[in-house]
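Heads up, the next two complexes both have subunit A, just with different partners, subunit B and then subunit C.
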Partner chain A sequence: MSDRYLTLINSPFGRTVATRVGLPRPGVLRRYQLGDPVLEGPLRLGRVGADGIKGLPELLTGVGLGLVEGDSEVVSQDRDASCGVGSVSTRETGRQRWSGLVFDASAASRPGELAELRDFFAGALRRLAPAGRVVVIGRQPQGQDPVLDATRNALDGIIRSLAKELRAGATANLVLLTGDADAAALEGPLRFLLSGRSAYVDGQVLVVGALADESGVADWNQPLAGRVAVVTGAARGIGAAIAAALARDGARVIAADLPAAGEALSKVANQVGGTALQLDIAAPQAAGRLIQHAETRYGGLDLVIHNAGITRDKLLANMSVKHWDSVLAVNLEAQLLLNRALLDSGLLRAGHRLVSLASTSGIAGNRGQTNYAASKAGVIGMVRSWSSEVAAQGGTINAVAPGFIDTDMTHAMPFATREVARRLNSLQQAGLPVDVAEAVGFLCWPASSGVNGQVLRVCGQNLVGA
Partner chain B sequence: MSIRRAAVVGGNRIPFARANGPYARASNQDMLTATLDGLVARFGLQGERLGEVAAGAVLKHSQDFNLTRESVLGSALSPFTPAYDVQQACGTGLETTILVANKIALGQIDSGVAGGVDTVSDAPIAVSEGLRTALLNANRAKDVTGRLRALAKIRPAHLLPNPPSNSEPRTGLSMGEHQAITTAEWQISRTAQDELAAASHQKLAAAYDRGFMDDLLTPFLTLTRDQNLRPDSTAEALAALSPVFGTRLPNPTMTAGNSTPLTDGASTVLLSSDEWAAEHNLPVLAHFVDAETAAVDYVHGDRKYDGLLLAPTHAVARLLERNKLTFDDFDFFEIHEAFASTVLATLAAWEDADFCRDRLGRSAPLGAIDRSKLNVNGSSLAAGHPFAATGGRIVASLAKQLHEKGSGRGLISICAAGGQGVVAILQA
Partner chain C sequence: MSDRYLTLINSPFGRTVATRVGLPRPGVLRRYQLGDPVLEGPLRLGRVGADGIKGLPELLTGVGLGLVEGDSEVVSQDRDASCGVGSVSTRETGRQRWSGLVFDASAASRPGELAELRDFFAGALRRLAPAGRVVVIGRQPQGQDPVLDATRNALDGIIRSLAKELRAGATANLVLLTGDADAAALEGPLRFLLSGRSAYVDGQVLVVGALADESGVADWNQPLAGRVAVVTGAARGIGAAIAAALARDGARVIAADLPAAGEALSKVANQVGGTALQLDIAAPQAAGRLIQHAETRYGGLDLVIHNAGITRDKLLANMSVKHWDSVLAVNLEAQLLLNRALLDSGLLRAGHRLVSLASTSGIAGNRGQTNYAASKAGVIGMVRSWSSEVAAQGGTINAVAPGFIDTDMTHAMPFATREVARRLNSLQQAGLPVDVAEAVGFLCWPASSGVNGQVLRVCGQNLVGA
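What follows is the complex of A and B.
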């Protein structure tokens, strides 16, 4: 599914025309390839006040997240310093473009301090490299101190607006730490949000708690090494991309899909070196067969990716019982039953991850999709509700909500509708299945144990349902 | 040397298609490769070097002399997996299973795939004998004049191609015509045949509905179920069909409904030692116990006792004798439904004291089998019968039935052209 407009607009001729006529200019997104560094260039770190999150600079430097000694600077925001850029001379880095900008606003306690954020970005944004990454780190409002909470919640508005201002494939996202979460909890989220893995995640707020377990990642080229994953709906589209991404990151994959999709499923399984499991997840024996397969072939299960889903669109006035029931059964009820059975089976190993595919339709609604939106909003409710029980068992449960993703399904849309829909987000282009897959992969990392009960949107900051 | 029993780990086949249907443009190699890839995907065997792959096709192009090896090279298996072709008419698929199982039993290999494939849609068509002779002579000629002289011998009639036929070279009769004689001699009724055919469809449809086929089959080229399957088939509806075989006999009973159609398809079975299966975390559905082949003199023999498709009666008798078993020791019987009347004539022969004495050398008949144990998930009348692929279909299906039951024995009986029969015992 090539985006011809994106290719054209990024050619020299297209760029000229687009500038003159004022056409949207979607940037080329930076997408992760195996072995890529988190950032290709230097990262600049700023913070409110003198005390930021303890260990954050060390995290950014020590694990090679881009903050490299010599060509970068940790900026202690000092309103009196020239240009508000801090003590390190800009001459050293004058021609340097920042691949990433991280601003630690965790210490902000009153609205006046937010000006330090303005100062940091006003100086740095002009030098943000194409496909650059902006991450602001704050703390979650606690509902006790109105001044504090107002300040903290202000970050939400900043990041959502900044994401809309950024161009050339750059993204901006907010990480909100809860409770006693520290720098260690940030490693996974920062590695994700700063890298090419988060190409289509833009304008989002990710709530991160303290790490539930400290088991780290030995090799970041294989963050899922030793994990066994099942991916439903794996025969094509997003499911096939998830299977491929998890396998690339080291997981062994059970690729599951309807028996009727078996031909494509076997190709996916063979490509990722996994096993094909022809399974109707809505059938009564589905959980038993899945558990048996995982148990006998792999001896356990770590990652469960509920990707299988169907659409049967009709206006509610015209919706048949069959259309209603089948969508709810496959997209929601099957997940409820499977998760229940898996949680009770003892098959899920410590550090397990349950990830469900929701949809922006489930957040913003969509005409003709009451049944689909019900199922997807239901999934979000399920994830939130189950988070404490799953955490008690040592795992996490989250949802990923894709926006407009180029798949066979969207390719079937009329040309004009598709072209318009593609541009209705801050990145002015459709996402790819791999973008959703990377978000799923991130939630599966051992380093993501602080992310639980969350809905991560992969929508390029879709203007619908923002 | 110790002998171990080969394990049946599982199988994979593609849905069987009616001739000139969805697989009309698929070659034997396409189908066998896809079937192997489905098996590899099901059991996670990507890049695995297996002991061997043995498969074959009854209708095979001369260019496909290395059909199975070429399919392995096109599959996700390790290219270091050796392969060879086998051809024993409709017994091919079971014969390859016997070969692989025996090598595993002897410890020569630890794992292997048996299989078969056939297409009547993409069948080889031979040139006429006259044209072939002329072309070969022209090729041998030393100069242009000689070549022209040889080619001048070609007559218009020589240009008619010779499509393959399923008639027996020594009698000129098709398999259906042979079976029609057997049917008449054993007085197999039309009703009994139609009932068996309808039951086959109903049982296979039920197997699909309960998900039994979910890990036995991988869809191929738009087909997700056997194309020939008619779930709503009834004996009453089948009774309306006109006979197509034995129409020159007094009371023809064999119709398109109680005979297998010409079919395209492929099947594979994964066999291994118990140790290999355990090392690979793979299940053992059943063990391959023993097998026997037999042949009858249908050319010179008796019209009733030596019918073309009655050889399995001999093979089963010898197999049971060797294993000290009777029909009561079996939980499932898989008798290939080449024609409904083949199954019924075979059952009748085993119950017939004269036949068992004169042909099988037994003092007492083998007796009747419990019909509720016969082809419990349908057979070839419903699924179709791509000649070499039928054996693999039955072995995998029976092994799974035994595994579901948890224990027991199953008997496989397959008749084949040339008056042959291939039979085997599986045990869980």
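What follows is the complex of A and C.
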């Protein structure tokens, strides 16, 4: 399972060799551990013009970040495990290393004003710490004013380029607020994107609307406290990682998988202190059995994670009816039926979250995977289409699209193919199942009610060609 | 300028070597020459269910394609230069090679119905001719019915995967009709996507609305007859290719470029039988000078091609104010000012076309190009935002986003970098300036009034990572 190249290249010997012969030098990613602060060091905040998003500096300070505006005010940060974020103390420092750079470009209305973004980053980027975080905040184009919309869309090109420039495990992402969203809607997305939870999310654009409900998170070490989750395909790989992450964050977990996965499934259920449910999601009685289990054991359901999926790769020219039908049935039709049944059941509580696993194959296609890509593109279409109805019921529905993730499945690939695929992204390494799990967890937070109908890629800015 | 690897690998010796050692084998692309038929051989048409788009078979026959439905009816085709497309004659053949495969999936409303797509392609793909064309037609998701929208969006994953599977210069693309569009809106897109004009367009999704006006094309050897076009940056490279293609297709061309390009510009203007206009598009008087030239010499303007652009590459950490500002000014702000002035001038005639050159860098970002990507993403935002206003004035506005195109600029790249960049797409080769020019020409056709606010990539399905 381990990426031996990554380990070697970050040893003193490996660094020397890599520098001499020009090998890729993937950085070590910063991953969240329970109790970690959002950032280990100070954050610098910049903005276009005098007006930014109202309350953004206060929000960042409230998150516990060592906030620095301009060069005038320098605040460092000590780790404080008790609240899961750093506490703030003020003292002057010299040439500070930034753990995070946040630029509020929401007030930019002409291309010329983007020069302020250059001014901010050209100076600050040289002092970005390893595994640092860059987040740019803008507003979504609205289709009315071409000068305004050109300026707003320019941020997309900037952040995708910048993510390709950063090294040493640092990432850059863009948050686009919709018209009515304010600083409150940013707390969840910023806590996710600045923290080690977003280690493998890079070069992405997240659209964030106004909060649908104000229910905050009391304890950020337990953001899912009181929630009941079901995770399909939970016996191994990404599904097991999701079950573990949701449980760590406070959720009670129903681990579901095929009867054949029996022993592995029981093990996962035990590890997360949840219940095991043997369930073939493509069977006609699947929805009924899931609803009965959740109702009997937990009295309701909050989080539904559609992770179960299969691959049956063949070129379309040689694709059998069986390969085609089974992939569509398990990966797409089962989710459509389960979601319909759950939404009609009355079992889903206010603030519920439906999260589907898509794939970069569903976005960019993949050779040999017309069936799989059809199912995953279908999932994306489903999520977008259902977002209004789910919002009306008080919940959200989103998808997470993993790129190249190290699992048993990828370890069955030929060595050379796997090594090349691993490096074809801006972080020059594969993601881990936990990276996908953290993105799922973020979408489940009460603080994420402004994120709906979205597809969040966890792919290290994969060069997949869409 | 020539791709020597491409030439070698398609020689008998090169083919043998490549097969033995597993080298990439880019196919020879089919490119349009004046008088070429849309396809050289027969086309097979399939559909989901009994109902497809009304009039589609008749449309294809009218286009002069040798149309075959199912296996029952076989029609072959002879070349007829007089109408620019093949004429149709009926005779039985044996195991036909298909030059084109069109599948009408517009009636698919459940994922299960996509099995008919598999049935069609699994049989037919093995008989696709070199440089063949696959076009799937669907309808755009509408955000109301999750089962329907999942089915419709599945086509996206299928076509992007299939494009990665095809070899020998064949391409696959998807046309998504909006709610009110019918067969008439498909004539332009199908003539483009099936013909040699779309040689380097692969794995793309084109959204097509209803025709805004019914003005057809009388002579498909001269689809731009009677139109007056201005092309900026016309003195060389892609701009010169656009000027030539528009002139070949019947337009009268104003070739515009910087005064410094004087001699090269005159040469292009002479070659295309047009006029030369020395114009710095970033100068304050640019719009006034262009309007005066077009009014005095031609009495009006139909086609505006914003091709002029510059690059000033640097990592954002080292980006100078001058590099940033100049790229934004020339590539984005000048277009915003010119378009505003032209739309207000009354000079643009009914059926006018504004086409901007974007770039895959503006979609996916590029290392060292935050400024360039900002400008090109800005252009994309501009085009989308302006589409309603331009449509209200009787025109369209679109962008073409080239991928890796062989020009003097790319020939200044180091050999190894260029060779790798050339192969990182599904066609395993760079595009040519004429490929971009043909896409611009297509958007300019009277028959393209249903294509508005779109970004058409000409990139061979580039693996650029967005």
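The working rule: the second predicted complex is superposed on the first by the 435 of 466 C-alpha atoms of A that agree within 3 Å, B and C clash if a C-alpha of one lies under 4 Å from a C-alpha of the other, contacts with A are read in each partner's own complex, and residues count from 1 in each chain.
Criterion: contacts are C-beta pairs under 8 Å (C-beta built on N, C-alpha and C of every residue); 3 or more make two chains touch, one makes a residue touch a chain.
Being a predicted model, the structure only gives us computed values, none of them experimental.
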Which superposed partner A:G299 touches (first subunit B, second subunit C, both, neither): first
Touching partner for A:A269 - first (subunit B), second (subunit C), both, neither: first
Which of subunit B and subunit C A:V147 touches, first, second, both or neither: second
Partner chain in contact with A:A287 - subunit B first, subunit C second, else both or neither: neither
Subunit B versus subunit C as contact partner of A:A447, first or second or both or neither: neither
Residue contacts on subunit A - larger count, subunit B or subunit C: C
Partner chain(s) touched by A:L59 [first = subunit B, second = subunit C, both, neither]: neither
Subunit B residues touching subunit A - in the complex, by the definition given at the top: 34, 37-38, 40-44, 46-47, 76, 211, 213-215, 217-221, 224, 281-283
For the subunit C and subunit A complex, residues of the former touching the latter: 111-112, 114-115, 118-119, 121-122, 125-126, 141-165, 203, 315-319, 321, 324-325, 328, 332-333, 336, 339-340, 361-382, 384-386, 388-389, 424-426, 461-466
Residue ranges of subunit A in contact with subunit B within the complex: 255, 259-263, 265-267, 269-270, 273-280, 283, 285, 289, 296-299
